[in-house]
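Letters A, B, C, D, E and F mark the chains in the order given here, with residues in each chain numbered from 1 onward.
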Amino acid sequence: MNLLKRIPTGLAVTAIAVLAATGAALAQEAAAVAEETPALSAGDTAWMLTSTALVLLMTIPGLALFYGGMVRKKNVLATAMQSFAICCLATLVWTIVGYSLAFGDGGNLNAYIGGFDRMFLAGLGADTLSKTIPESVFIMFQLTFAIITPALITGAFADRMKFSAMVVFMVLWIVLVYAPIAHWVWGGGFLGDAGVLDFAGGTVVHINAGIAGLVACIVIGKRRGFGSENMEPHNLVLSLIGASLLWVGWFGFNAGSALAADGAAGMAMLVTQIATATAALTWMFVEWLVRKKPTVLGIISGAVGGLVAITPAAGFVGPMGALAIGVAAGIACFWGAVWLKPALGYDDSLDAFGVHGVGGMVGALLTGVFAIEAIGGTPGLIEGNPMQVWIQLKGILVTVVYCGVVSFILL
Amino acid sequence: MKLISAIIKPFKLDDVRQALTSLGVQGMTVTEVKGFGRQKGQTEIYRGAEYTVQFLPKVKIEVVVTDDMVEGVSEAILNAARTDKIGDGKIFILEVAKAIRIRTGDTDSSAL
Amino acid sequence: MNLLKRIPTGLAVTAIAVLAATGAALAQEAAAVAEETPALSAGDTAWMLTSTALVLLMTIPGLALFYGGMVRKKNVLATAMQSFAICCLATLVWTIVGYSLAFGDGGNLNAYIGGFDRMFLAGLGADTLSKTIPESVFIMFQLTFAIITPALITGAFADRMKFSAMVVFMVLWIVLVYAPIAHWVWGGGFLGDAGVLDFAGGTVVHINAGIAGLVACIVIGKRRGFGSENMEPHNLVLSLIGASLLWVGWFGFNAGSALAADGAAGMAMLVTQIATATAALTWMFVEWLVRKKPTVLGIISGAVGGLVAITPAAGFVGPMGALAIGVAAGIACFWGAVWLKPALGYDDSLDAFGVHGVGGMVGALLTGVFAIEAIGGTPGLIEGNPMQVWIQLKGILVTVVYCGVVSFILL
Amino acid sequence: MNLLKRIPTGLAVTAIAVLAATGAALAQEAAAVAEETPALSAGDTAWMLTSTALVLLMTIPGLALFYGGMVRKKNVLATAMQSFAICCLATLVWTIVGYSLAFGDGGNLNAYIGGFDRMFLAGLGADTLSKTIPESVFIMFQLTFAIITPALITGAFADRMKFSAMVVFMVLWIVLVYAPIAHWVWGGGFLGDAGVLDFAGGTVVHINAGIAGLVACIVIGKRRGFGSENMEPHNLVLSLIGASLLWVGWFGFNAGSALAADGAAGMAMLVTQIATATAALTWMFVEWLVRKKPTVLGIISGAVGGLVAITPAAGFVGPMGALAIGVAAGIACFWGAVWLKPALGYDDSLDAFGVHGVGGMVGALLTGVFAIEAIGGTPGLIEGNPMQVWIQLKGILVTVVYCGVVSFILL
Amino acid sequence: MKLISAIIKPFKLDDVRQALTSLGVQGMTVTEVKGFGRQKGQTEIYRGAEYTVQFLPKVKIEVVVTDDMVEGVSEAILNAARTDKIGDGKIFILEVAKAIRIRTGDTDSSAL
Amino acid sequence: MKLISAIIKPFKLDDVRQALTSLGVQGMTVTEVKGFGRQKGQTEIYRGAEYTVQFLPKVKIEVVVTDDMVEGVSEAILNAARTDKIGDGKIFILEVAKAIRIRTGDTDSSAL
């Protein structure tokens, strides 16, 4: 999300806490003073309530069906159950400690982690505001992100992780991986301060989930019968419903990340649509060229790849940047799922890494390329600011390393 | 009495049914089966992975007829189900010791 | 819904009618005068239009799938058809007479029933307002509640009521049971006046539907083959889609019942999420303890139980109250469906009573326990107001008796 | 949509272009001056963002499932794929040239077609407004209409058109048929100037798609095995989900066409609900009378017929008009699908013409009959303005002839 | 040993199973099939089009029994599956040359 | 010629297919069936209600072979399908009077 916009939000959240005397905090303070005191906007609130519903729709039933349709018939319930259970678990974890760690005030450690002051949502009242919307809505909106990220990981080890093990892993992962990284980028931490652009979670959500998935599927090993038995998707109609709901719900994800019903939200929605459609068609046509025929699985995979790649970029690029990102995402995700995976030989059952990891990285980098100052306040490479690409790369690297290492330890 | 069990390509079912009906056969029983044979399944590709479908969808028609009709019925199935391509299927003929119509208790040829 | 907020709404609706000279009416008048003249708020309207769409989504396809997946394969279409047909029937009944009876002015009888003055929506213009939203939107929003309530009942007699009989029963039930009870609680009737708290319909919708379902399944008798034949759910993927859409749609149900896009709506959404996730996990873990394994049907049943129980409480309790209500609902609904039903031996096919009836009562009572003055304006037991629990109990009793008796007569 | 409201929108869109010196343009200019300078309304924007998501939901997965469930099992993926692919294709076409042709400034030819000045969305900034919402949102909202219209056509030739042929046909059709007709009615073209009322696209979307479908299925010929083989719908549960999502999404379609969150939107939503429910029940009861039993396919077909018929009327008629339109649509679409099609012997597989064509015409005509000045600003026949019916008829005829001829040439 | 193959109406499956169990039959194999016969399918109407369902859902029960039980088992099926309406189905009896239980390798009567 | 009809546990299908292929069997026909036998189904609980699943999913493999192969094929199935747990299934062997390949009209051993 737009950093300049995000900072006062972070402040409002932590308004009752003592401000840590770090340089970062001082910069934030200055920004907050410059801003007029926010009042509740019914319009912004209406859109954010809606966005929250849309993002929840992405996980249940969206992702549950997208993944459920791709596994073998006997595993469909188990797979869909994972998304549903994670939705419930993440809600509790977020309420108890996750939100506090991600958006609370971490004092001297604020560059790296929030604090425990907001545990059990302490300090939340009916009128507490977060910028122009109630803080309760901000908490809910962010919660839906904390739900879908771990749910995405399940695609990597579908068909083989024990349910009880998954429950434990996911709870720890949200606390130890998701919450810190969300804090770094959006909660006032060092990545945000460093100027990393991540409008709606290319880094926090998708690279993060992709890497965790990659680590998980390597550690856990291949499915029994991998390579010999037929593991074809049992019901692509379910996957198509899932992909469609992901697409529609993603409007809440990306346009909702403007945290307001304004021109930024509108532009985010428009570029989301353009990049998604472009990536879907790109995958389809590449497949049509390489293999003889276009497939349903291909076009929906491409669409999801495009959605992923435009996520960090949504508030920063224009329609032409979206077209370019769409083409790049379509090709890169096709390559990730169809070439890279068999080449390296890991069994990422539903391509959590091939689509979310690869797509997220492509998107994060290209955000640095195609960012337009008039749209999101930051110029990218095409406007003569090559440094932004480097900053984006740093953001990716930090996430990959941290998430990879901690996920590995957890498994 | 014989049981004629024919394994054919699914889209030929209607032709075979009509051929048999026009011979005066009054009943038959149909099962969806999967066949493995010389005909190889298509290679399906899902993202990176290739799967050769080993078992192809087929339809099994079972019809019990009196001995004198066996020849004609086999002939009719042969003609109706034939496409001259690999995978057209087989006809197997088995001896039936007894047939009973449940509704009436009639046996053998009057049970059909 | 919040009574203090609701009263002026009721007034606006009946503004053109002669005010009845009862004490209740006088109190309302005073409240109305105290309120500034409302003007249309685009933000509130945007949210209420959205909420209406979300609540409709709960019935079609949400409930249709939730129930459709739980019956035997041969009955899936018949079951789904019931929800769809009720959606159409209730629309006509509401337009013709239901809205008038529920929210019209009942004159001297206003404590018990609305009047006939708003039949065929007479008096509705393009600019008629209901508080800060167009009255047309208020009518639509309330209509979606009048749709889902009878549709919930069908779960009790799934697999066995004749379609034509159901059509007749439902039309009469909406007119004779739903409309009066909605009037009592929300339309200016005696339950609202008595201070019964029912934010989004725990009493009006869920207890009501649960009791009607219980009566129906007892009167109609068991399914043919009950106990001997296998009646296992034929497709829990459909039920999982349905439960997910119920969950997402319920945001419109509960947060929409604030009738505005404000902090009350945000808090209602947040507590809905927390209670639902908690109840789902509670049911799942109880099942995991009692029977050896967690099931999809268990977790989704728990989720629905949690949604039901938080419904009356949504605008009145905070996150901690929501946690408590979630735990209670998970246990109580598990008990209702798994123990109570076989113990008493009625055949409530899809647990309309076990989940909606039991969950609704638990929620209505606990609203009286956990209500927080700073959130909804009324203190509950934990804030030293034990009377509220007693008031809630009265609300439940009146509903149970009236609904039970009239439903019995109708069958 | 409401012409008087639409004209300034058209203007805002073309504000940076030189105004053509035609009478039409002058009239527009006058209207624009009379209007106060618009400012962004967060409430309106929130509703339009939501509406856009809802309309996209209609096509993916709504229409994909509605159609997918009605074909034979072997064709379900191919059918659903068509809707999904068209969603992607139309996005690109609209971005590149479609929006410009429909809503750009056509200079001297503006009565007939927009220009090329907005190709690749040139001139769009983050703050460009279209009335009270960002132009980006207006573009997205209109795009979702350009997606569903060609997707509807696929119902006519389901089961038999080659995918590659469909891709080419649809791209050309959007450019050569959809964009011009949208321009005529909504973009400042001659049909709008002539006073044709089409609130949300009865003419532009439904008659257009219906006629194109009719032409297509006649030109392409019947399905192999038509009349002898069993072509019964393979999974009506999918169709029921699809119809439900169409219904819910249609709230975005019709109430969103008010382009604001106001009384017009509320009334549009209410009449949509009433007409749809009425048409669904009408078809169901007619079927119950004529054939012995009511069916799922019948009630959902009736619902879609009602949705289609109320589309042009939504902002112009009241609840009673909606009841009348619902009854007429239920009967007419039943007649179109059940009697007309076999009588004339064409093979409109999924009744694109029988439901959308017939329903669209009935709705367009009856809009002229039941329009109420107090609601939409234009009186209809029942308020003593018979001319409006004649104007509506002209609109239908022009669309039928143009769409029929060009679609025929394209095939 | 004989293979008794009975084609019955699906809703009679449970009755037949119980009848056989009470005769001491310990196993059977059931297949969902579609039957064509004197009983005609309903006419289904989808919008304009009428479809006569040619094939009706039936269930095939296959049970292998020793020769001495054939009579009793046939009788039991006959009674349990009978509704006296057209379409009740048939019983066909075929000779079985050999039976083996996979778990133990036992053959013939001790394999059942 | 004999028809070997084996009822096995579904997850053993691939093993059996491979075993037969390596014996030179070129075709077989597979049907999804439900089996009732000594092996009891799990008790499934849905909310309050318990259902004992009476019929378990099994797979029926039908393969017609010449008389000299019967022994070897039975043996191969026995080995491939065996898990030594109750419910492994049965092999039934029936006499086939005639076999025809539809594509060519070839009969008997050359039809297989």
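Some notes on this structure:
Methods note: contacts are C-beta pairs under 8 Å (C-beta built on N, C-alpha and C of every residue); 3 or more make two chains touch, one makes a residue touch a chain.
All figures in this text were calculated on a predicted structure; none of them were measured in a lab.
Dropping chain F from the picture leaves the other chains, by touching, in one piece. Should one ask which of C-F and C-D has more C-beta pairs in contact, the pair is C-D.
Although chain A and chain D carry the same sequence, what matters here is overlap: shared residue numbers make up under half of all numbers found at their interface.
Annotation: 56 Å between the Cα-based centres of chain D and chain F.
Between the Cα centres of chain E and chain F there is a gap of 18 Å. With centres defined as mean CA coordinates, chain D is found 49 Å away from chain B. Across the assembly, chain F contributes residues 31, 54, 94-95 that each touch 2 or more other chains.
Chain C has residues 41-44, 46-47, 50, 241, 261 in contact with two or more other chains. Every residue of chain E that touches chain B in the complex is listed here, in rising order: 2, 6-8, 31-38, 54-55, 58, 60, 74, 77-78, 81-95.
Residue ranges on chain E touching chain D, taken from their complex, read 44-49, 51, 53-54.
Taken together, the chain D residues at the contact with chain A in this complex read 40-47, 49-50, 52-53, 56-57, 60-61, 64-65, 68, 76-77, 80-81, 84-85, 87-89, 91-92, 95, 120-121, 124-128, 133-137, 139-140, 143, 163, 238, 241, 261. By the touch rule above, chain F contacts chain B in their complex via residues 3, 17, 26-31, 64, 94-103, 105, 111-112. Put simply, chain C touches chain F in their complex at residues 230-233, 291, 295, 297-298, 301, 337-339, 341-342, 351, 354.
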